[in-house]
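Per-chain residue numbering starts at 1, and chain names A, B and C are given in the order in which the chains are listed.
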Amino acid sequence: MLTGAAAAGHAALASVDDDAITLRRALRKSRRREQWRAAALVLPLFVFLAACFVVPIGAMLARGVIDTDVARILPTVTAALKSWNGSGLPAESAYQALIADIRAARGAGTLASAATRLNYDEPGFRTLLFATGRQLPDELTAPARETLIGIDPKWGERDTWAAMRRAGGPVTDFYLLAALDLQRDADNSITGAPPEQRVFRDVLGRTLWISAMVTLICLLLGYPVAYVIAAQPPGRAGVLLFLVLLPFWTSLLVRTVAWVVLLQKEGVLNSLFMSLGLVHEPLKMIYNRFAVYVAMVHVLLPFMVLPLYSVMRGIPPSYVRAASSLGAKPFTAFRRVFVPQTLAGIGAGCLMVFIQALGYYITPALVGGAEDQMISYFIAFYASRTVNWGMAAALSIMLLTATLLLYAVYNRMVGVDRMRLG
Amino acid sequence: MRNPTATLGERLTRIGLIGLTGAVLLFLVAPILTIVPLSFSSGSFFYYPLPGLSLRWYQDFFTSSFWLSSLKNSLIIGISATVLATVLGTMAAIGIWRARFPAQALVLAMLISPMVVPVVIVAVGVYFAFAPLGLTDGYAGLILAHATLGVPFVVITVLATLSAFDRTLLRAAESLGASQITTFRRVMLPLILPGVASGAVFAFAASFDEVVVVLLMAGPAQRTLPRQMFAGINDNISLTIAAAATMLIAISLALMIAVGALQRRSVRMRQAVR
Amino acid sequence: MLNNRFAAVALAAVASMLSATALARDLAVVSWGGAYQDAQREVYFKPFMEKTKITMTEENWDGGVGTLRAKIQGGNNNWDVVQVESEELLLGCEEGLYEKIDWAKLGGKDKFLPDAVNDCGVGAIVYSFILAYDGDKIKGDTPKSWADFWNVKKWPGKRALRKGAKTTLEIALMADGVAPKDVYKVLGTPAGVDRAFKKLDQLKPDLVWWEKGSQPPQLLASGEVAMTDAYNGRIAAANDKDKKNFKIVWHNNLYTIDSWVIMKGSPNKAQAETFLQFVSDPQYQKNLPEKITYGPTTKASTAMIDKKVLPELATAPQNIASALPINDKFWLENLDKLSQRFNAWVAK
């Protein structure tokens, strides 16, 4: 920077004509160098996040559409099915290819992955493949098709082969469709999943509903609280804000434990109610939706109160007073003058709460029942309790899309650079 | 708020508002207040009234190899992740503050995004990516993952501190012949240190409280405190959890007060410079 | 340059973390948690570490072969020895999730009960799923069968069952009047599966699910449910340790065996084998039933068990008379299909 300016100084001595151009060039050069330096400071974190955050998540999401297991493990039958037109049964050569592939995969110990993939599409396929593998005779005494159908009549069904063809990859919409309770039938057209297997529309709807309810409750509780705190003198407001922030700083697990203690059937609240004679039978307050709302609102309420508080703090009381002096009833003055000025805070608080609520996992898992689990629970379930990574990825795509869209709205409205903590 | 001409309706509204606020604040604090006395119970159930007072659950905590090793794991992972996140995050925040470069808004959005992307997606992503690299067998994978989660806190707090930082100070130092490193060490760092430190506290708290990544990735040798508590709620709910929770609350309070003090200090220092 | 110095520090930190991973980890043993694992710790784990000087870490899990598949296929296997249920043993063995057992090192197959021997696993315990209720809360006319479990009019209160198709569907059919010997015949037909789910539909409003063996005693103790199915040993342990008065209904109990397996590619295979030798030693096995009422799997240990716990074991003649042996072959063939339907049914 300094050298740039010095060079500009020398140039000025040399020629007055060139002065402006040289100076501008030197300035630009110095600014560019400053830019490079700034970028160099950001680079390590950028690379770190790319390696440990963006790429892993991208690779994970890609599993929602990439489908290569079956083609890799059962290559010849996958190739043979490419030429099958989908009507009737595949040619004898496809059956021969399948037998060869199953033998090879069993020998190599890789059959499990292919079976797992096929089983997602057609429940029972794992068993079919392994049972077929076990029962294959060493020497074929009949045509391959006859032999296989003899082992299991399912090899004589078009649906079985269609499922196998669908899994041939290299890309698939199978998981994304499944995440919406849709599937492709033997004719490759999209249909609804069988009723007893439909679950994800419920889960998606439930996730949105719980998040919306939590947001609404947070707003209804948070707005008056922020209003009261904003009207206090700074010292007292500080103490009250401390109380709002205390749970924000307390470990999520600690708070969840506390809710279990408070809400359980023979817990603190029930014994209190019983001893006060308010109820005669313990209330069922945990492992249900009620507990989920209570615990989630408890965690997320500070995210509503803080932006509302900071907006309200900036509204001069004279505005409402002016409205009142002009004859507006207190409530009208509040509704017409005060509330509109807090809309930005309401928007920011609601978006923040809603975005965070969408991804909730631990709290519903610990205090909710089976019918209260949100989409994150199912993502974790498919990733760690079954090896259905495609399904975990497809659900992640749904969740992430919703989150990022809302984040973009938030960014436009509030601006990430204006985010404050604590 | 006080207004001598208030009508009855207004007065009732005010009382209602204050009552509601009190109830909400109680709702926010009650769980924390409930769990602390239980940890001193001499009985072994989550009941009130307490049968008597004792420190047996604290004794249980400090003599249990499970709880102690999980505390150790939490500290190792938390401190390492904090150091990593603080160094990288502070550098990046200074870079962003120093000059506008192309696509800066996009880069900033990316640096903040770990705070927004649902943790379960981060957890599943790193779980798949780190396993083949052998990063999941020890602390390394958890430290890296927790550092990514802590980075946004550092970036945001340091940026906030920098926004009040007077650029002319740097120019003054440089015009007096100070090298860049000296300028940073002697002029900039002392002034932004409170921001850096509170960012570090946030990052540490984020790691210390994190359980989703740990649930997916950690083996039995890397169990952290929250993971142990999770297992406790699911499996063996005993009052040792209450003791652990009470200590965590004490730590949170300390961190909270630290951040408050740091922020006040930052304001004071800025005023002093002016 | 300034950022170079920072980069150097950061790199050094990362490098030191990476090098730490190269160190071998301790033997990780995974079992079912709660009172059972507490008993195992006393009977096996502590003496094992003392005698062999091998350090081991413990973990608990709540089953599901999918968890093991995810560990092996995800390349993130941090477990060495795992206790599994019978169908998890068969499924995982077929899919290559486990190391093969070297029976010569364990003293030969003849040392064990016939059911405890498998290519991939060695039997750990013999136990039953039973119906349990709190004897302090239900008195006088007490439930005696799975049909009574469904009778919420006579015995009001919630019911708990294990979250999973296996055992739940069998119980539903037995409650619907199917004799134990016919259960798998019926369940093998689509109409039989529908019948089981229809029976479960009746109870669904009153059902809560448990996943870990430690939960049923807690659910009974807190009064959350009036009856539950449970592992027999956990109920006995709650009576023994927490002075509860839980009652066990042995009628039509579901009888089975759990096994130890070594996870495929375990870096601690040698220590894992030493561990299996240790837990298959009748001298140690005989101590387990005193701590928790699960039967041992070696022939020699059976004779050494304390006589007073014998009637509480799944193998006692009066207990086994009406029992349904869980058919692991049936579940090998049907687990996927029925689990999928079951999970969708539960989530609704």
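Simple rule for what comes next: contacts are C-beta pairs under 8 Å (C-beta built on N, C-alpha and C of every residue); 3 or more make two chains touch, one makes a residue touch a chain.
Please read all numbers here as calculations on a predicted model, not as lab measurements.
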Q) So which chain ends up closest to the centre of the protein, judged by Cα positions averaged per chain? A) A
Q. Which chains, taken as a pair, are joined by the highest number of C-beta contacts?
A. A-B
Q: Farthest from chain C by Cα centre, which chain is it? Let me know.
A: B
Q: Measure off the straight-line distance from the CA centroid of chain A to the CA centroid of chain B, and report it in whole Å.
A: 22
Q: Go ahead and note the Å separation of the Cα centroids belonging to chain B and chain C.
A: 38
Q.
What's the distance between the Cα centroids of chain A and chain C, rounded to whole Å?
A. 32
Q: List, in ascending order, every residue of chain A touching at least 2 other chains.
A: 40-41, 44, 264, 266, 383-384
Q) Can you list the residues of chain B that touch 2 or more other chains? A) 84, 88, 91, 127-128, 130, 144, 234, 237
**Q.** Numbers and ranges of chain C residues touching at least 2 other chains
**A.** 3, 6, 10, 74
(Q) Looking at the complex, which residues from chain B come into contact with chain A? (A) 1, 9-10, 13, 17-18, 20-21, 24-25, 27-32, 34-35, 38, 46-48, 84, 88-89, 91-92, 94-96, 98-101, 107-114, 116-130, 144-145, 147-148, 151, 153, 155-157, 159-160, 174, 198, 202, 205, 208-209, 211-212, 215-216, 226, 229-230, 232-234, 237, 241-242, 245, 248-249, 252-253, 255-256, 259-260, 263
Q: Mind listing the chain A positions that touch chain C in their complex?
A: 40-41, 44, 109, 111-113, 115-116, 119, 123-124, 126-127, 130-131, 196-199, 202-203, 264-266, 282, 287, 369-371, 373, 383-387
Q: Using the touch definition up top, name the residues of chain C that touch chain B in the complex.
A: 1-3, 6, 9-10, 13-14, 17-18, 20-21, 23, 25-26, 28, 30, 33-34, 57-60, 74-76, 78-79, 211-212, 214-215, 218
(Q) Which stretch or stretches of chain A touch chain B in the complex? (A) 1-2, 31, 34-46, 48-49, 52-61, 63, 221-222, 224-225, 227-229, 231, 240, 242-247, 249-262, 264, 266-268, 271-272, 298, 301-302, 330, 355, 358-359, 361-362, 366, 376, 379-380, 383-384, 389, 392, 396, 399-400, 403-404, 407, 411, 416-417, 419-422
Q | chain B - residues contacting chain C, complex | A | 80, 83-84, 87-88, 91, 127-128, 130-132, 134-140, 143-144, 180-181, 184, 217-221, 231, 234-237
